[in-house]
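The following blocks contain the structures, represented as structure tokens.
Both of the next two complexes hold subunit A, though its partner changes from subunit B to subunit C.
Take a look at the complex of A and B:
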């Protein structure tokens, strides 16, 4: 079963503010150059969708109401939904902040069948969380996701094994999760548009063109998917922690860029410490006005989880970059090569003090919100908020 | 410049300097070596601006002068030249260097010899002298604790100081990476007690070069200090190093006055036990737990993906039982350089530093901070 919240961020905002209900709204970051992360259903007829720059969305729909994202609210709501779903089955895989896969095989008898269970889930999410979702029920994850997508908004669709061939007969391949526009275009070039057409292409022809993916495509076309639902708590450890920032305007000077890097480093460090991680590789990403993106990294001997140290490394990488004269629109800092918490206690008093001050800062910010207590260097920067990345998952 | 030199001698010389040559290519000249011919023979210099080597080798010089050669290429060429051959080296115009041996001829580009950075000259200062073997032992006992964290520059070398205590001279070396600290003392002649003085930080890379020189058969180490440079004289020439700038932390502050608990154990037993148990603790970040109670020490480690390991051994201990977690690597580094049958472990509580030393060796101690578990 696939549960997908409808226009999640936008619906959360409309739930909390009656005036926004029934109106076209777009949730985005606070800068003018940020992108739409979620658009309400009332905004979608205007052609507004997630990922579109705000300025373009405003042109398409001058009446569009912009709402600054509030990450805490979304995470909180998402956790509420996940908790409800876990009452149905412990096998809940959180795919992102607004969608989950559930293996309900073992719960069918208890809840009187798949459809009854799905209705119950929808009803409870509506009553207790106050939001609409779309639910797809099918023999596997791929088909369940397809079903929830086809039923949107506020829908419920069950695809049985018997009905699958009929559904797939005329379904465009790009409706399948995992076949994006580029793969779709490549398939169209082969004369393949629907799943049925794809399933009739010999496997050998697909593997010759797409390699290992070819075999997978063949199975997808027939509605076959054997990937299991992996409960989120069993997911392997995180591999990296990173943040990016789209700048309000293209920057040419290094000094303001360094300050942004410092802030990004602090944010990354904070998340590392929350997950009790530390990492040895620091990557700096620079995207220019023409969207050409460069990244460079450095690997250190000792794992880091403090903003200042991460910034030091990031700055050394950044200072070694020769910037193109084009102007920079996005900066990112990522820490990878993660190891589990730095539980080694420091011996030197100077390091003990540094550690203690970081811990004190964390304690204050845990209680009063991010950047309540921060470094003086970062004070002059406007404290911009931006919605949480949709790939958010609860920390294990 | 014009000279001839034994292929074996030249190859050895080139091999010796490879470790110094800068690999990051920040300055092209640092990937080169300087060859200077004089009636005394051939002098080779290499430096990365932190550590420099200047070595003298026998050669037949018919025309004095200087050239530079790309260190790695020169080594690769010399290695492939015929054995027991005689190499001719001639400097040509525009920094070209001709290299010939048997029927092989190379013409390679060099850089102007004048562009090669001058190694600092440390003259005048009365050198500190010490038996090479003793010095090598002190380096061995400290160098592993030097920080490799580039952000802690002041910990990137071994702190060396000399002083007089009870009428005797003492040379002390201290190294720390912020989590553990090693300190070794050796007696020196009283008249030398002031020669190193209140302390310098010798860079790790320089000490590794010094150790190499000692291994090559040096009897006495002669260390001269001036300004921010140190020079060590060997048979073939000198190692020059830039002292690490920055202040070494006050190590006396972190040495526990008295340890609450004293555990005596067999060195070989604890070493082997830790090696075994730490296979499971694996990664750098997972602690090995030490549980001490009357007469017994239990080592244990667990890993969520691997499993667990436990080993029990007899020790001499009376007092309150305690459980403390440590990075096993830190213990093993120290145990590997200790001698003698018994080691003494001083423990405070779960969050205080442990002191590890060999019974009967008052001159060496290691302090290790626990891990939370």
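Take a look at the complex of A and C:
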């Protein structure tokens, strides 16, 4: 079963503010140059969708009400929903802040079948959390997600194994989770538009064109998916930790961009240390005013979890880049190739002092909040909030 | 329209198990009788726990912040039409 909250952030805001209900609203970051993270169903007929710059959304719908996102509110609401779902089955995989997969195989008899269970889930989320969700029930995760998507908003759709071929016959391949616009265009170029057409392409032809993905595409087209529901507490370790920042205005000078990179490196480092991770690869992302995005990385010998060290690596990557003249609108820093950090005392006294100062800063910030104690270079930087990542998942 | 306030206020609240009823608030010398708590969430700043409440008197929405350790109320922002 796939449970997908409808227009999650926007619905949470409409739930809490009676004056926003029934009106076109867009949740975004606090800066005017941020992007829409969630649009209410009243805003969607105007063409407004997640990922769109706020300025563009305002042009499409001048009556649009812009709401600054509040991550604490969304995380708490998401945790309420997850807790309700865990009353139905312990096998709940949190895919993101607003969607979960449930393996309900063992709960069917207890709740009187799949549809009864799905109706119960919808009713309880409506009554106890005050929000609508769409639920898809199917033999596997891929088809359950398809079903919830087809039933939006506030719907419930069950696809049985017998019904799948009929559903897939005319379904555009881009409706399947994992086939985005690029892959969809590549398939269209091969004369493939529907799942049925894709299923009739020989596996050999698909693997010749798409490599290992080709076999997977062939299975997807037939509604086959063997990936299990992995409960959050059993999920694999994180693969990377990163942050991005949309700048208030396009920047052309490197120096202010370096300061933003430093701040991002500090934020990434803090999250790494909280998760007791360190990473060897540092990636810098630069998005230009025309949305062309560039990223480069460097891999180091030893894993890092300190902001200054991550910044040093990020700055070397950044300084090696010849910037295009039209200005930068977004910067990002990501650390990957993660390992579990060990509390090993550095050998050199200078590194020991540096480690001790980081630990002291962490202790102060744990007690009084993030960036209460920070580096002097970052003191003048704005501390506006940013929307939570859509890929948020609770700690195991 | 959202207005950021961030001023201390007097609040009458009934803590009733899992639910909190906000009865009235006094702000800038005026009493506001609260009709409904429309939202509640929690946030941490360091170790400090804050409870946030969205409440309305029917004409305006108030966002209140309660510092659980210091037992202090703050009106963080208001929302009204226009």
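What we mean here is this: the second predicted complex is superposed on the first by the 312 of 396 C-alpha atoms of A that agree within 3 Å, B and C clash if a C-alpha of one lies under 4 Å from a C-alpha of the other, contacts with A are read in each partner's own complex, and residues count from 1 in each chain.
FYI, a contact is a pair of C-beta atoms (placed from the backbone, for glycine too) under 8 Å apart; a residue touches a chain by one contact, two chains touch by 3 or more.
Predicted, not measured: the structure shown is a model, and the values here were computed from it.
Colleague: Applying the touch criterion given at the start, work out whether A:369 contacts subunit B, subunit C, both or neither, answering first, second, both or neither.
Modeller: second
Colleague: If you stack the two complexes on chain A, which partner ends up touching A:309: first (subunit B), second (subunit C), both, or neither?
Modeller: A:309 sits against subunit B, while subunit C stays out of touch.
Colleague: By the touch definition at the top of the document, which applies to A:17: first (subunit B), second (subunit C), both, or neither?
Modeller: The answer is second: A:17 touches subunit C but not subunit B.
Colleague: Which partner does A:109 reach: the first (subunit B), the second (subunit C), both, or neither?
Modeller: neither
Colleague: Identify the partner contact of A:322: answer first if only subunit B is touched, second if only subunit C is, both if each is, neither if none is.
Modeller: A:322 sits against neither subunit B nor subunit C.
Colleague: In the overlaid three-chain picture, which partner chain does A:340 touch, first (subunit B) or second (subunit C), both, or neither?
Modeller: first
Colleague: Going by the contact rule set out at the top, does A:350 touch subunit B (first), subunit C (second), both, or neither?
Modeller: first
Colleague: Could you give the residue numbers on subunit A that contact subunit B in one complex and subunit C in the other?
Modeller: none
Colleague: Please output the residues of subunit A touching subunit C within their complex, sorted ascending.
Modeller: 12, 15-19, 68, 70, 72-73, 76-77, 365-370, 372
Colleague: Can you list the residues on subunit B that touch subunit A in the complex?
Modeller: The touching residues are 147-151, 176, 178-181, 249, 253-254, 283-287, 325, 327, 351, 353, 367-373.
Colleague: Tell me, which parts of subunit C touch subunit A in their complex?
Modeller: Result: residues 2, 38-39, 41-48, 52, 54, 56, 61, 79-81 of subunit C touch subunit A.
Colleague: Report the residues of subunit A in contact with subunit B in the complex, numbered from low to high.
Modeller: Result: residues 278, 300-303, 309, 312-313, 339-351 of subunit A touch subunit B.
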